[in-house]
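First subunit A sits with subunit B, and in the next complex the same chain sits with subunit C.
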Partner chain A sequence: MDIIGNILYDTIYHSAPIILCVIGGIFAYKANVLNIALEGMMLIGAFVSTLTAFMTQNIALGVLLAMLAALAFGVVFSLMGVTFKGNVIIIGLAINLLASAIAKFVLVRMNTSNITLSFMNVADLKLHIPVVENIPLVGSILSGHPLITYISFLGIFFMWVLMYKTRFGIYVRVVGENEDAAKSIGLKTDFYKYAAILIGAVCCGLAGANLSTERLGLFTNDMTAGRGFIAIAAIYCGQGSPTLSAIYAIVFGLARALSVNLSIYAGPAAGLFDVIPYVIMVCVLTVVSVLKHKNNKIRGFKNE
Partner chain B sequence: MKRLDFGKRLVNSILPVLLAFVIGGIVILMIGENPLDTYGILLGKSLFTVKGFLNTLHYASPLILTGLAIAVTFKANIFNMGVEGQLLLGAFFSGIVGTSLPASLNPAAAQLICLAVGVICGVVFALVPAILKAYCHVNEMVVTLMLNYAMIKVLEFLATGVFRDYSSGYVCKPIIKENAMFPRFGNSKLTMFFFIAILIFIAMYVVINKSKLGYEITAIGKNPEFAEATGMKVHKKIMIMMVISGALSGLAGAGYMMSEQFKYTLSFSGNPGLGWDGMLIALLGGHSPVGILVAAIFYSALKTGADHINLYSAVPKEIVSVIQGLIILFLAVKFVDEHTNIRERLFRKKAGKPETAISEEA
Partner chain C sequence: MSIIKTIDLTKKLGDFTANDRINISVEKQEIKCIVGENGAGKSTLMNMLYGLLRPTSGKILLHDKETVINGPMDAIAHGLGMVHQHFKLVPSLTVYENILLGTELKKSSKSPIIDRKKEIDEVTKLIEKYKFELNPTDKIEDISVGGRQRVEILKMLYRNVDILILDEPTAVLTPQEVDELFVNLKELRAQGKTIIVITHKLREVMELSDSVTVIKQGKVVGNVLTKDTSEEELAQMMVGREVVLTVQNTAENKASEEIAYQVENVCTINDYGKEVLQNISFCVHKGEILGVAGVEGNGQSELVKVLTGLMKTTKGKVSIYGKDVTDKWPDELRQNGLGIIPEDRYAQGLCGTMSIADNCIAGYHNAPDVCKFGLLDRKNISSKRDRFIKDFDIRVGDINGNVGQLSGGNAQKIIIAREFESNPKLLIACQPTRGVDIGSIEFIHKQILNFRNKGNAVLLISSELSEVMSLSDRIIVMYKGRIIGELSPKEVSRSEIGLLMAGIQNNKAKGAFL
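Entry: the complex of A and B
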């Protein structure tokens, strides 16, 4: 019983940053901009939040600056990709490399290999919800997460409203479906693309702050370890729907939680459990894709 | 007309590099060092001494191969991001074969076997995303990226557990036997591997520029639906491209193992990894083989120079990674394309200065 509780708690714990990336990234997906810079934006968010907290001992300021740093990367991305019409895949890749390079450069200048926030205790950041906390099992799973984890789950609902119930969401989707049609009715397509990318950037910054400062009080370089790409895979599987994509993100969180919890029993083969989430993602992507193309009778090769 | 086109492509490749160096220079100034001295060390030690230049050529050899591996698929708009994973797998297993072959074997045979194993591993690993892309329409970019991470974890497991050399203090597998190593020429690091890379380069030049397959790759890159409609079997071509790409990356890994590293460690391909460097080189060279050759040598000079920066100045060598990221960022934007009139464009640049706007943002 205890291990099931642990696995479910860890599922929520590991899903949170990916969910944040997913619900931010779906807007760019719907606006037909392939944003593979999620990873870099998350990494710079993680780095800036920890660095700021380390310098000023102020965690709230760290989270705020993390969002601003990710926003700055988002501005660079959209400026190069939307205004100057560069290849977004290459720009995304460059931003991922740049984020890692900047973090490494600053770390070397500071003469450390990682930043540890020794002034605070991570356990203090965990919120205990008064009533829920006392329910057996459920309480231990739902209570005791840091603030941004709760924000990420509430964010799924918020982004669903923004995407489907507001004028902004509709216009973003129109721009993605048919840019010429959107232009013909007088929408500023570039504005909606910018907005879609920047929403994603802010969410990624938040995810980064959650990953490093709030959960571990620690930053090591390349600690995002492909979570941004997993978020992209989840967005593809869920075809940009906030709820469906978030469910795929939780599936990844579950796989990760399983690998962490079961590795205690596995001994030396524990390292192999880390492979499970990636393989699951590839399998899910394949199944979704096969189902999508099952009834496709078009001859030949269609480019997506 | 053709000469003008070439000039425009040259401007498109050189301008981003210059911009990145300028921004890198500003960063170096900000930490209180002299950027001109730093760049002098960076390029002088790696290009203008005989030993340095031969070492540069040596480090360029795997980069030429990975650059070509990326270019073959990217030219057709198939984004094989798995070059890094394919390279590591090829290197790992060629290393294992290299240690387990009998020491009495003829060196040429041993080297050939190791290279073949590397190539086969690269091809097998590239087949997975190739089949998924060609027959199940799965986005190859996400799959190759995922498989990269999975492969790195699997190799980490194999290197720390099954094949670990417990006599050494850190995680690595045993050193390959002497007959599987490429002998070095003189006191530089240059080996046979560079000439193998050049042979492959010539072969790929013929394939891409003169053969039917090269034409088909370009056609698929321009418009796959049209290519299919004119009778090319796009599925099959995707498989062939991915196999070539996997073979080249596997060869690069095996060659790097046999000419430089001799054993698999967790930081085998360095940071950010030979596969990612290959992507930069393919972009820098504009996906054309000759461009890739020049770009690989230039980039390798940056890499060998980075070590000298650490030795002779107070600037951390990580500045080179920053410059690398900036180069890719600026390469994504075509400052000049086939339709723009250079003179008009230059005039407008003076008036509007679009580039300074970008550099301020970055």
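Entry: the complex of A and C
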């Protein structure tokens, strides 16, 4: 029983950063901008939050600066990709490499391989929800997560409202679906693309802060370990719907929870279980794409 | 008093003068048609009126006041609305969402949430006011092309424009939808709107407009009242010489009994698993042109894709002179004597960034006269190109240039030359004259008839009903992925075929079908 409880708790725990990336990234997806820089934005968020907290011993400031750092990356991405119409794949790749390089450079200069926040105890950051906490099983699964984890789940609903119930959401979708239509009613299409990318950037920064500072009190380089790309996979599988994409994010969270919890029993082969999330990702993508194309009768390239 | 007037309006795009001192004037509450061939400069003119392009020189007067229009929103603010040829609608949104796009109604001025109910009410009122036929909550992707066009018009009317510009509004409509559009436009005129229609369909000009302006090579060459002119006169002004408007299929039907092309019970599905072709069966005899009529989007595209090897069938059989060619790839089909004029010449027929010579042999790279020991024989290819240019009267600026630089008509002639020169026994011609100027249309139609007269078979698929009617020996009509009637063009009228295209089977057509 314990292990199931642990797996479910860890599912929520590990889903949070992916969900944040997903609900932020869907706006760029809907605006028809392929943002592969989610990974880099998350990494820079993780790094800046831990570094700031390490130097100022102020976690809130760390989270804030993490979002600002990711936002800055978002501005660079939009400027090059939207204003100057550069190739978004190359720009995204550059940003991913840059984030990792900055972190590595600073770590080397600090003469350390990771930043540890020794002034605080991550257990203190966990919120215990009254009443819920005391319900057996459910309490131990739902309660005791850090603040940003709760924000990520509430964010799903918030982003759904923003996407489907407000002008802003409609305009982002119009820009992505038919840019000419948007222009013909005088929408500043670049503005909506910027906004969509920047929402994603801020969410990624938050995800990074959650990943490093809030959950572990620790930063090691490349600790995002492909979560940004997993988020992109979730967005594509869920076709940019906030709820559906978030469900895929949770599936990938579950995969990581499985890998963490099962590896305990694996003894010397424990490291092997680290591949579970990635194997599941490949399987999910395969299944989704097979289902999507099972009816395809068109040969070769499709003319869209 | 004229409501809109241009004085010496000129637009230069680089060295090219797209519009040269255009002077037009439109009266209040009239329907004005602006006609001209493709590339004559009609769209440039309209884009200047709508603020999408800045004039190089000249003036635009609105209500006799000089006005500078800085983009579409500004145009709308001045009471000038435009319905583009390619609709600017968002398919996944509903009719009411599209109409109110940009002016959404919120629950209150402070609330960020959109008020769905209020929006639907507003649009329902609008639809009733102008007597349009629409359901506000339908999604755009689910409604007909005619419906989409009505949404575009309403989108402008909601913004209180009093001048409406329509760019090639009938290009994608059935004859019945065209009639309905005309009724709607005349109703709008009665309610005080001024309408400018850009078109090259002269029959519709005569039916709809009060006055006509003809543009040729960027200049106004004629300004007439509709009641004082005729189709022939307008055509002559457009082209600058006398043209045969419709090349008639005058030859006696000498189709033999021998079946050249047989299609039996062909079915296929699209990406979403929907059956887009249902049991399509027909045959084409030797020396016969079989026309396929129908409103676009009723399976013709898929049929052509299946027959030209771009898409697989789920069921059925296709044979050329008795030889089974079902699901064969395009090169195998060509080896079996099939010539293909594809639907979208730039996507499937030509490579715009390659030279004219390369395009002249596309699909026939392995023919022995151009390819020796796996190497292309450049000299032969060039002489082939020169022969095509001479024989098919292809007008090229730079003989070594890319196909992308050619006009639609000349690009199409390259395909025609290439396919006819490979001596096929069967030709599938899909939209052979789409986006082609009147002079070239005449030429292409004659080529197709000549080809038939040599005893070959032709399958002609076109959404231009007049083209199908004037060329075909027999016509089949497609509706929702099925063939719902077979007719003889000599025995039926336009409106009878139009009804079939709209899915309404009358007794006559049924009789012919059964």
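We take it that the second predicted complex is superposed on the first by the 298 of 304 C-alpha atoms of A that agree within 3 Å, B and C clash if a C-alpha of one lies under 4 Å from a C-alpha of the other, contacts with A are read in each partner's own complex, and residues count from 1 in each chain.
Going forward, contacts are C-beta pairs under 8 Å (C-beta built on N, C-alpha and C of every residue); 3 or more make two chains touch, one makes a residue touch a chain.
Everything quoted here is computed from the prediction, not taken from an experiment.
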Once the shared chain is lined up, is A:86 touching subunit B (first), subunit C (second), both, or neither of them? first
Could you look at A:166 and tell me whether it touches subunit B, subunit C, both or neither (first, second, both, neither)? second
Of the partners subunit B and subunit C, which touch A:180 in the superposed model: first, second, both, neither? second
In the overlay, answer first, second, both or neither for which of subunit B and subunit C A:33 touches. neither
Between subunit B (first) and subunit C (second), which does A:44 come into contact with in this model arrangement: first, second, both, or neither? neither
Name the contact category of A:109: first (subunit B only), second (subunit C only), both, or neither. first
Given the superposition on chain A, which partner contacts more residues in subunit A: subunit B or subunit C? B
When the two structures are overlaid on chain A, which partner does A:275 contact: first (subunit B), second (subunit C), both, or neither? first
Please indicate which partner A:293 is in contact with in the superposed arrangement: first for subunit B, second for subunit C, both, or neither. both
Doubly contacted residues of subunit A, that is, touched by subunit B and again by subunit C: 292-293, 300, 303
List the residues on subunit B that touch subunit A in their complex, please. 27, 31, 77, 79, 132, 136-139, 141-143, 145-147, 149-150, 153-154, 156-157, 160-161, 223-225, 227-229, 234-235, 271-272, 276, 279, 283, 316, 318-319, 321-322, 324-326, 328-329, 331-334, 354, 357-358, 361-362
Counting only contacts in the complex, subunit A reaches subunit C at residues 161, 165-168, 170, 173-174, 177-178, 180-181, 183-187, 292-300, 303
Touching residues (chain side subunit C, partner subunit A) in the complex: 71-73, 84, 86, 88-93, 97-98, 101-102, 104, 106, 112-114, 268-273, 305, 309-314, 329, 344, 347-348
With touch defined as at the start, can you tell me which subunit A residues reach subunit B in the complex? 36, 72, 75-76, 79-81, 84-91, 93-95, 97-98, 100-102, 104-105, 108-109, 225-226, 229-230, 232-233, 236, 268-269, 271-272, 274-275, 278-279, 281-282, 285-286, 289-290, 292-293, 300-304
